[in-house]
Amino acid sequence: MTYPLNPELMYMMPTHFGPMSGPRQGPGGKKFAFEQDQRKCMAVSVSFLTNAAQLQELLPPGFELMGEPVVTVFETYMKEIDWLAGRGYNVLGVNFPVVYQGQKDRAVGPFLTVLWENLTDPILTGREQLGFSKIYCDLPEPVVYNGETHCTASWMGFRFLDIKLTHMKEVGPTDYPPSLSLPTDGTLSGTIHYAAYAVLSPASEKPDPPQSLMQGEGTVEFHRARWEDLPTQYMVINAFSDLEIKEYRGASIQHSVGGGDLSNQRILS
Amino acid sequence: MTYPLNPELMYMMPTHFGPMSGPRQGPGGKKFAFEQDQRKCMAVSVSFLTNAAQLQELLPPGFELMGEPVVTVFETYMKEIDWLAGRGYNVLGVNFPVVYQGQKDRAVGPFLTVLWENLTDPILTGREQLGFSKIYCDLPEPVVYNGETHCTASWMGFRFLDIKLTHMKEVGPTDYPPSLSLPTDGTLSGTIHYAAYAVLSPASEKPDPPQSLMQGEGTVEFHRARWEDLPTQYMVINAFSDLEIKEYRGASIQHSVGGGDLSNQRILS
Amino acid sequence: MTYPLNPELMYMMPTHFGPMSGPRQGPGGKKFAFEQDQRKCMAVSVSFLTNAAQLQELLPPGFELMGEPVVTVFETYMKEIDWLAGRGYNVLGVNFPVVYQGQKDRAVGPFLTVLWENLTDPILTGREQLGFSKIYCDLPEPVVYNGETHCTASWMGFRFLDIKLTHMKEVGPTDYPPSLSLPTDGTLSGTIHYAAYAVLSPASEKPDPPQSLMQGEGTVEFHRARWEDLPTQYMVINAFSDLEIKEYRGASIQHSVGGGDLSNQRILS
Amino acid sequence: MTYPLNPELMYMMPTHFGPMSGPRQGPGGKKFAFEQDQRKCMAVSVSFLTNAAQLQELLPPGFELMGEPVVTVFETYMKEIDWLAGRGYNVLGVNFPVVYQGQKDRAVGPFLTVLWENLTDPILTGREQLGFSKIYCDLPEPVVYNGETHCTASWMGFRFLDIKLTHMKEVGPTDYPPSLSLPTDGTLSGTIHYAAYAVLSPASEKPDPPQSLMQGEGTVEFHRARWEDLPTQYMVINAFSDLEIKEYRGASIQHSVGGGDLSNQRILS
């Protein structure tokens, strides 16, 4: 007598204890139980113009740069997430705009090269269910003093990133930047990932506006690491540390409510 | 221009920054750079006799119980690990003896149903490179007072396990339990995992003896959890919490030096 | 040649490195540099009616219960604190209303029997500069799910407190409870502490209203501890765990902005 | 009815819950219950010759440098401490040799200018019961790789110290450095502290030898901090960061068992 797997349900290692419970499946195997929640999010981002040649070295097969080589580094601090029964976690990502041309699909959008998270559970589900390049780091709460917002990231005590935002000014809802109009020629649009194959998190047609938006200036500093400092991530940090910063392209702080379960994630073919 | 993958090297998501660096590949892609290190290990374990019918419900296809249904819960505390450039981490596992019969291979040994670790990096490499059922929890250092060693495990503040060891007595090297003699009939032997297929960590023919060994008595208590307490692991904990404890079968504390890279891991067919 | 102490400035051990820098003195010894900041606070509280005789056993000399024996347990989560250069920390306190009669002073207000904080720096300044009974514990962020707010506290992995708030409803500013009118007969009013002598944090004559207020229901559970579980605090936790809960008296969640430096703290004589 | 204080027992804020329980008093007020335990200690230290004039600026009244201006930075990692019911914690200290001349007492020994600890409970008892200049920081386990032992210290993510030890060689018990012979002219000897007055932790006449001792080379680096980086400790770190390092004077790693309760601590008059 061994245990049966229910083909209708999602499993993850270890499979011996029943269907997994996570972002896209509730307790007992209830599918898409958390399709939309009311999580509280604060997202900060800083962008800079860099050298196209340096970004090209980070492109997997089928990818090309699109438009200006502008890198965006963002940290998002989330609370009250339903699939974690009301807990939160934080993420740090680095992206730049690309176009992907597969055998059938063509897609445009930000290429999310890596996403750090400070909780293992969504790292496992994101890697194995969605094809996100998620890895772990510590992401403490932002420090806000004297008009400056300071965000950091570290791994086992080695701080590898400092982000600073200054001169942030509230933007009125009527002045919110327009959401990108989706292509109408069949090209897909969304956040693009690569996990041995390309993967798309489709952009929403009508994204909800944030609750508040501030714009201003910011800087990003990745701190060069030896293998001894970051034995599993030094190559990631150093690639970003080496990027030329030709010009900063602004910063933002955004508060929003609600998040989805990314169950519309799809592989590009 | 996109980046090439070197077919000789190991990669993991994200692949854009060069070959991964981890337990089985050193900085810059040096393969098996850490084949054997001098890590310092302290391992505690407690065993108990349970109900065969309850264990059978945890068996994947091809698995059968072997001998008495004795469950062993162990925690190992490791330091000075080479592939982490001298850092350490801890693990918690639950196993019981099985025989696996595949189409070609037959194997006997402890079935490692789940392995918790308190560091994300080896969880990712263990799941993706070895087929280990690794998940995350906090594993604080043991507390030793008045002749009792107390080990615990928790996830985001919910303590789900208490292990207590008492009456531990030093065992002289001449009284060390003999290492299991490996089968000579072609049956394989080692720790058996299941990851959609069965996987074997082969037992060593001549395992190094520990530096010291203590034996005595112990108890194990898994604390029943609601989904709200452990939204990603409640089903694992509750399966163990439900196991009948018919009789405790002793406890051990072992100190040893050195660990390998498990590069002899193989899929059973 | 030894170092001189500047009698105008505040020092704390170690004194050898110049004036201390903390809540009531800025870098380089600038006094009251942080008199008022714009910290962001979220405070939760739950009250219950208990047994007067049990509270009397917690009263230092000169203290008497005032009115009904209603205990309030609160946790406050603070961010963007100026004297910490924009960092935050959290506190947990237990109080009940008393009247203090000294040789000269008479004062009424909540008696803050103990205040846990999750950061050592304000514990030291609060104990040594203000006479607050501060001790340490871990105070993770609240967990909010399905209409329930769940707050906890623990010390080295032993969770000693669960607070749960439910049915919380927004209160309009016009329905805010009136701030207590201060006594006009010379009696002092504020939060009362005891540190070998009684100490008062004077109540504000015109307290700022909160930014938002929710009221509803709540429960409090202190978990009985052995000395082995909480070797420095078991007696505190057990005193609260033993309190009879005759009736719950409501719960609140309040958001506010701004905090002072308590430099008007005074010893009662 | 208010609570009585038992004049035979030790109390600390909060006093309302009975006698405190800590290093020098057991549960229920049992005095000196933990006079001697079998804690496991690993101590690392690095010494360097500096500039006498810089050290003189750190001397309180009555103190003078003694002999060469050699600063020692040490970190001690402790486990299985009885008064913590078997838990452990770590400390970091900086000292140099002084002679103290009071009105009556004359004492010689290392002047412990500051002692960081990574646990609040012994910080409070040490400051309030012993007059030790204890403050908080994070003190992670040492990292040991490729013959180098690397110790660090940080506060809220800002790493302010790197200690590295190399070329460590085992010293045989017969080659252990002789313990200092205590003065016979009435001068006292031990670790000297200053807490508004001078305090002595008397040296043992017959200190137990360590279980093992290694000697070799080492370096110390305190990282200069802005007030924004370490708002409560920048002045301490910068004083050490400014010290000239004329010459390193060796490093050691020592393992030992057992610790006392310092109940022989005395104020120098």
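As written, the chain order gives the labels A, B, C and D, with residue 1 at the start of each chain.
Methods note: contacts are C-beta pairs under 8 Å (C-beta built on N, C-alpha and C of every residue); 3 or more make two chains touch, one makes a residue touch a chain.
A quick note: this is a predicted structure, and the numbers were derived from the prediction, not measured.
Asker: What chains touch chain A and also chain D?
Answerer: Touching chain A as well as chain D, we find B, C.
Asker: Any chains in contact with both chain C and chain D?
Answerer: Where chain C and chain D share a partner, that partner set is A, B.
Asker: Just grab the chain with the largest centre-to-centre distance to chain C, centres being mean Cα coordinates.
Answerer: Between chain C and every other chain, the largest centroid distance is to B.
Asker: If you tally the C-beta contacts for A-B and for A-C, which one comes out higher?
Answerer: Most C-beta pairs in contact, of the two: A-B.
Asker: Nearest whole angstrom, what separates the Cα centre of chain A from the Cα centre of chain C?
Answerer: That pair's centroid distance is 39 Å.
Asker: At what distance in angstrom does the C-alpha mean of chain C lie from that of chain B?
Answerer: It comes to 45 Å between the two C-alpha centres.
Asker: For chain A and chain B, let me know how many angstrom lie between their CA-based centres, rounded off.
Answerer: 32
Asker: Going through chain C residue by residue, note those that touch at least 2 other chains and give them in order.
Answerer: Within chain C, the residues that touch at least two other chains are 85-87, 145, 156, 228.
Asker: What does chain D use to touch chain A in their complex?
Answerer: That would be residues 138, 140, 145, 152, 154, 156-159, 228 of chain D.
Asker: So in the complex, the part of chain D that touches chain C is made up of which residues?
Answerer: 1-3, 13-18, 20-22, 26-27, 56-63, 83-87, 113-114, 120-121, 123-124, 127-128, 131-136, 156, 194-196, 227-229, 231-232, 234-236, 239
Asker: In their complex, what parts of chain D are in touch with chain B?
Answerer: 79-80, 82, 85-88, 141, 143-146, 148, 150
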